[in-house]
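Let me give you the structure first, and then I'll get to my questions.
As written, the chain order gives the labels A, B and C, with residue 1 at the start of each chain.
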Amino acid sequence: MNLERAVLLRLYETMVRIRTFEQRAEQLFLDKKIPGFIHLYVGEEAIAAGLITQLRDDDYLTSTHRGHGHMLAKGGDSKWMMAELFGKAAGYCKGKGGSMHIMDFSLGVLGANGEVAAGIPIAAGAGMAIRMIKKSDQVVACFFGDGASNRGAFHEGLNWAAVYRLPIIFVVEHNAYASTMPTTESTPVKDIAIRAQGYAMEGVSIDGNDVLQVYQTAQAAIQKARGGGGPTLIEAKTYRLKGHYVGDPQKYRDPQEVETHWRDEPIGRFERLLLDEQILSHETRRAIWERYEAEIEAAVRFAEEGAYPQPSEALTDLFVVDTGYDY
Amino acid sequence: MASEIIMPQMGLTMETGTVLQWLKQVGDPVRRDEAVLEIETDKTTVEVTIDVDGVMLAIVVPAGTEVSVGTRLAWVGQAGEAVPRAPEDTAPMPPPRTATLAPDLIAGAIPTPVEAPGRVRATPAARAKARAIGVDLADLAGTGPGGRIQARDIGAARVSRPISPHRDLPISGMRRVIAERLSRAFHDSVPVLLTTEVAVDRARDLLGRIATDSPERAGRKIGYLPLIVKAAAMALRAHPRLNAHWLGDTIRLFDEIDIGVAVSLEGGLVVPVLRRADRLALAEIAAGITALADKARQGSLPSVEMEGGTFTISNLGGYRVGFFMPVINPPQVAILGVGRVVSRPGILDGQIRAVSVLPLSLVFDHRAVDGTPAAAFLDAIGAALGEPEQLLG
Amino acid sequence: MRELTTSQAINEALVEELERDPRVFLIGEDIGLHGGAFAVTKGLFQRFGPKRIRNTPISEAVIAGSAVGAALVGARPVAELMYIDFLTLAMDQIVNQGAKVKYMFGGKARVPVVVRMPFGAGRANAAQHSQSLEAWLCHVPGLKVVMPSTPADAKGLLKSAIRDDNMVLVLENKHLYFQKGPVPEGEYLVPLGVADIKRPGKDITVVATGRLVGVALSAAETLSKDGIDVEVLDPRTLYPLDTKAIIASVKKTGRLVTAHEAVKRFGFGAEIAAMIAESEAFDYLDAPIQRVAAPEVPVPFSKSLEDLFLPDAPKVIAACRRTLV
């Protein structure tokens, strides 16, 4: 592997950070500290890490309901993320959005989204603005799941991006289940990437649990988009190790199947590689995990200690108050 | 209270339905949610259920009849209840108010205000207005649909508190006549008031001597009034323009002086006429006034005795009245008002003395008579009363 | 004053705003060389080019969604849905995304989007191309909804909508596109949230929107011959609604009639009626409130049926008279 050590470690640490956050969030949810729903990214970390770490600060991304990983990979602050999950005023959205609506515009994260496939038209819009108004070389990474590829917005969005040659990297995180439905039962094609052909778009299907494969594929797609070559559809095949949401009884799948997939999970795989190449040692490995556990613990404390928003806040932030149109 | 079963509106476009079959007959008990009849619409056959418990009281529309939606089909109630007598069999939903409108679903009929016993129907504006001026809505009738009280209905009732306890007198014929005549006189004529005070010490002394000098008249004093009548008669003789009638296109000057003397009765006022007053002696005038007044009070005064007067005298001297403005008795052109004689400081023979003063008020119609002649006439009366000896005889 | 059609007035507004702010661009179906389904964007493509006048595939979800996305990254898109009936395909992006983004994100986003939507019946376009769906949109917190009734208002409101930093939906009654009216020269804006009394009166307040404003004026003219003086109030912005103006008018007249082309139940007229009943104007009402609206059926095709469907002057007159009974 011809990547620099720093890059490799960054990939690894990004995945560890995501995993630590998600597992802690799961515990907190089961302890009833987090209200509503959360949807965990456990087992899919390679995709976020492999692609997003290559984006510039001024590149954009659209995310999903399963979006903590994307946000963390783009450099989101775990304190403000955790506070938002708790519904505290110090959260990214002042407690008004919750897990499914996390965003950080300063990092170009155009929001997690509670609607399946809704990020696709939004990404298309960002792409249009980049090409037509800003005329820059920014790109947009658009994440969604296999389930989204069956929704109308997916087809409209890909068609649109292809027709206008928008600088978008579409990433379908094919994790074998859409909510409680196995993809094999909902989708007639085995490789979703083939759908790109319907839009004369390049589509590539990869092992989403292989962070280096993700990295390489993403690199090419990002360069292509940045260079005006138009959009790409990357199908990153992975497996959703946790339920659709925390608390999902998962009656629709065999626990044995889940067991099996744990052996293939991306962090373990990469670890073995890094240990073999001696980029990681057992000590440094432990130190990394401890560092992120500490960061996440601090985030939890921040969230727990934070105040809830004032009730009057419920009525604010609806509109930008008109300033008299004088700009 | 009995309930109606009506032809239901089973669909948006349904206008009529046919009663196919009555499943219950008169006298049959019925229960809530039970089917009581079958109807047929243009689309389908349907059973109609009822939403009360009771007994079929009457069937109004027999089987086999097609009727409009909303038509009353039957009555249900308690056993033995009478079927309400409706003035006519009307559909409960009133038709739209203008003929040009399409069916209700487009135009919207005016809904009949629901009967709510004990509840006054009034618009918010009417209620607010009533509150503001203290009117009880229960006292009002509304002019809106179904008797709804509207703001305009409050405007008329500008009462801030209930009327004080009272009784109402009916208006008698006499009252009505007086009202009408005097109103006319007042509005038609141009009344001008002249007043004068007459020192009547000499007249008083004279009347006193008459009383003592005529033993047959003892007990029957002659008061000021006959004297005044005589004085007025003499003055009229000298000023015939005041002894006249205004007839609109002519002024009728009369040869005879017939003076009416107003007599107050319980129900009103009559003015019997003393004929040829200038030719009567003072005693005759006094007797005449008394006789006429007695007859008037007894109600035995024929109306002919009240017609044809040429001048009127109104005497309020029995009361603490000074000057006043009597209303001319049409078509006469003048009237003399007599007030009470009062004793006041005055000048007599260059000395300050107690003087008896009689207030006289002359109202004349300026259409017929001008100020100077009227003043001269009044002056003449005053002069005559000042030297009353000439009035004897 | 010069007279323009509504279509021309809107075109002028677009030209002016496209020139004024390079961040403004248009997306919609058939808006390019074709000049738009109602000639509203005539000439714009030639003048501003394909990057700023963007003809799109038939993808309403992305038309609306890309407007949201572009706005989130700093552009100021003006999207067009060819018929408001196609709103249904864009509902997720408008209702779940655009309307809520600012709020859900704790106020840290802005969505300066305009979505223009022709609407209305009367052209034998039948059920799926003739609806009035403003009630759906007014019901969603986070959206502003505007409905001009004259060319002058159409121009002024659109310019204000484009400069507004929020998601503004501009509903244009198709019937009015070809109607002429006076339009002032030079730069002017019609502010959002301000109603306009198109005809002052003292006996009845008629709150009318869109095409029904002209209908109400015609009804008022007829009623004036009977000495009935009708005030016609055009809200112009449906949300945020100028409740103050409406309340003041009803306090003055004591009678309220609402008139819109949409179906009656759960409609804009219902909102006005309820708002007035809750307001201080309640104590001034001297008759029940009347609503003039379309009957509750899909828009029929045949002219004889469609004519019955459309609220017209006689229906407004009848409603006014019902308040005077």
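Things to note:
One rule holds for everything that comes next: a contact is a pair of C-beta atoms (placed from the backbone, for glycine too) under 8 Å apart; a residue touches a chain by one contact, two chains touch by 3 or more.
Please read these numbers as outputs of a predicted model, since none were measured by experiment.
Between chain A and chain B, the least number of touch steps comes to 2.
With centres defined by CA atoms alone, the chain at the far end from chain C is B.
Among the chains in view, C has its Cα centre nearest the centre of the complete protein Cα set. The highest number of C-beta contact pairs joins the chains A-C. Chain A and chain B, compared by their mean Cα positions, are separated by 94 Å. If you average the Cα atoms of chain A and of chain C, the two centres end up 39 Å apart.
Centre-to-centre separation of chain B and chain C, using mean CA positions: 61 Å. Of all residues in chain B, those touching chain C in their complex are 12, 96-98, 100-102, 105-108, 110, 123-128, 144-145, 150-152.
Chain contact summary for the complex, chain A toward chain C: residues 60, 62, 91-97, 101, 103, 105, 110-111, 113-115, 118, 120-134, 152-153, 156-157, 159-160, 163-164, 316-320, 322, 325. Chain C makes touch with chain A in their complex at residues 22-23, 25, 27, 51-52, 54, 56-57, 59, 61-62, 64-75, 77, 89, 92-93, 96-97, 101-110, 112, 141-142, 144, 160, 163-166, 189, 192.
Across the complex, chain B is touched by residues 254, 282-287, 290-291, 295-297, 308, 314-315, 318-319, 321-322, 325 of chain C.
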